[in-house]
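My questions will all concern the structure given below.
Chain IDs A, B and C follow the sequence of writing; residue 1 opens each chain.
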């Protein structure tokens, strides 16, 4: 008797074999869970249970060595926290600009690499390198590059007239956030380039040739042929990367520490600062829960939108 | 020769103590003392390990286990460890952490141990005063002092036509203005980023002629003099006497600004010397005492680090032996020279190393207590860490950038500190 | 695709292509080049006048110090152990999970996907205290094993997504044919499907290795013992209170980047190739 119970293949239970068939179907229902078990166990124990604890912390007020239950007070406190308001705005800017730029340039790179040219293999290996660099090291190096005492960028900016004298953009509240954004874009282009390139390669060449024969121009081919094929990949990568960036504090923390005067403070850096400066883990957890809720809403919204688009197509 | 005599005497005392210990207490038999250092740097760790080796040799049976935390994340990491119950026996305790751990009964009172400690007599009064800053209990034995002095670039001063370092704050501003007139140069290495408040407090206190608190326990930062001190710094930044980027500058940037010759004046502790002296020729800079304010006095900041014992240590006697060893005069002198602090023993001032023109400024401050008031940060206030690391930088940067007025900023600080002090006095029945 | 274009416009197109490619290459390499430059600059020239693209005097002294006089070789080894182990363990677990998500339709599939997503949506600093407590109880703090466990958990969601993609690219008919021939599903998996997804697994290992190699926060918080430190934490050691040893830090960084970059460069080909097949199935 085989143990195979393929979920997709229906087998007619022969007369008198009903118990076995039921067992088989029960076994069939169980099968995917067996494959999923290791992953789910690890995630449960290592991440989801601590997450539960973390959420529980948000209902307490912590001092360095003690805590007391305060119900929803921490959440009420968030409503009147001006720094949090600024941090939310900064997070929007940080995430939005990073994703749009990374995606745009990543797509451009993918399109380029989709052509065959001399040295493509080498170029491909080289341009994907930034993703292999530890983020805090990337932050340090870029901070160095932006510093007029030791880095070239302010001098170049002055030379082309974007700055009057070489100054550190990380020190100017209006544009400080662009420093980490640029570093983040440098870091994240490979992610989009790799996934979009893979999706591009999957588009059959005959489709392009047929479209060209039909007289479609480059732009039309891109809009009508390439984009729809890329849409599912775009949806997933954008969603994932947005979520990662929104919770990403390392780069900003290393480059500006959230300053000057909170101009680069995002929710993620604020959580870190709150946890370790004010020592109130409870409030830090509450802010984290807020971020979590916002990101879940975003993900759900994106998935729904994608389903609707697919249904229409 | 004198050192040799002291060493021999100590060795003799140590031998006697050891014998007495052997007679009175059980043998050490494999005790491990766990030590955490926090102001870590690779050369310093090497020195510590050397000292531990010497200690282990003199105390067979005791092993010392060292955990070195990278300074950049030391506070967060150590707090994490302690909160999870992973406490060491001995820890290096910067003064700013003392309030947090001391006030929460995490540390052992070392007073009783000091009663039988022969070196205690030679300790300066400052050491005892500072170590017992929290609740009057000696929670740490300081290993050295960080006193703010004024580093000044002799070459830039000469270029600007100035004969010497500023004696008063008014001179300070005037000198900064003259030096900033030189192309590409600035008068003051302003620190706007992390850790800025120590400098800010110096200017505010000096202009106000007072320390942190009035006699009635309210903060002095709301006083007109203090506000004028803050305004002085804001004006220095606004008028371009400090580089535009300095609003973000933390320790490494201001020191780099000084030794690269970008800015001519820097207020810092002796440990900055270590970073500067091999990057600048010896005749290019010197250290002067901090300029005085309208009252004729200067209020310079005093910081310290030391060794503390955790109250839940299971090897308290061995831990104390280690602390006593590390803070003994011989070891302490070596330590101070290496680490860049001013040593804690009264006898150390006679050492030739500390008689150069680099240290003259600091010793002048230490010795002339009429002119130079040494202000210690009120680290016994539980919320002081939050103030120093979080509230002050944020609001100070806002003020530098012109988003807030000096008065509003200073009043905000005064309000916070007064409240903190009130809470502390209420809890501890007024000190 | 270039049907009907004149040779002039084709030449222009090619020139623009190469210009764009050059732009990307320069952008990607410049910061790495700068790191390299600092690593060979002697300390006294670091804050000198002017900002040259290459120092007047170069020195390998920083590399010597890092390799011979510091604990870095040991930290590297630790990082290699942790990263390779994490890569292997994650790939195994994620293959299993990805296979399930690719092949089976079952109730609760949405919930599983949601759970995987949920683990990505909060700042990790939030769970450090509970994890420290749990791991302390399990004696997993201060050990490389603990790090491997944590990194495994972080990387499972994305690795699962990757492996699901790769499995989507292998037609079901293959293993169903094998099962009709008498194999169990597991046997079919081992004999037929896995060999086809080996490139994908290689790519996943590469991706996870890179992520584990770069991780700092948990390596910092969970490990106190010097002998278990990883490369990223070791870099922090160079940031002292007195001064930052930039030259040595950058030398150590360059040395640390080499394995990560090599690994990733070798395997990114498989990542693209593997994902390609999967993307067809959408």
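Annotations
Going forward, a contact is a pair of C-beta atoms (placed from the backbone, for glycine too) under 8 Å apart; a residue touches a chain by one contact, two chains touch by 3 or more.
Just so we're clear, the structure is a prediction, and the values are computed from it rather than from any experiment.
Chain contacts here are complete: no pair of chains fails to touch. More contacting C-beta pairs link the chains of A-C than the other of the two pairs A-C and B-C.
Ranked by separation of Cα centres from chain A, the top chain is B.
Chain geometry summary: the mean Cα position of chain A and that of chain B are 42 Å apart. Centroid to centroid, with C-alpha atoms defining each point, chain A and chain C lie 15 Å apart.
Centroids of chain B and chain C (each the mean of its C-alpha atoms) stand 41 Å apart. With touch defined as above, residues shared between interfaces to two or more other chains in chain C number as follows: 47, 129.
Residues of chain B in contact with two or more other chains: 76, 83, 256, 260. For chain A, residues touching at least two other chains, in rising order: 149-150, 275.
Interface of chain C with chain B (complex): residues 43-44, 47-48, 70, 128-129, 132-133, 136, 141, 220-221, 224-226, 233, 236-245. Within the complex, the chain B residues that touch chain C are 39-42, 44, 66-73, 76-77, 80-81, 83-86, 251-252, 255-256, 259-260, 271-272, 274-275, 278-279, 340. In the complex of the two chains, the chain A residues touching chain C come out as 2-4, 6-9, 29, 31-33, 35-36, 38-40, 42-43, 45-51, 53-54, 57, 105, 108-109, 112, 115, 117, 121, 123-138, 141-142, 144-145, 149-152, 155, 186, 189-190, 194-195, 197-199, 201-202, 208-209, 212-213, 232-233, 236, 240, 243-244, 247, 249-250, 267-268, 271-272, 275, 281, 284-285, 288-289, 291-292, 295-296, 299.
Here chain A touches chain B in the complex through residues 63-65, 83, 147-150, 165, 167-168, 170-171, 173, 256-257, 259-262, 273, 275-279, going by the rule given at the top. Every residue of chain B that touches chain A in the complex is listed here, in rising order: 75-76, 79, 83, 100, 104, 106, 192-194, 244-248, 250, 253, 256-257, 260, 262, 382, 385-386, 389-390, 393-395, 397-398, 400-401, 403.
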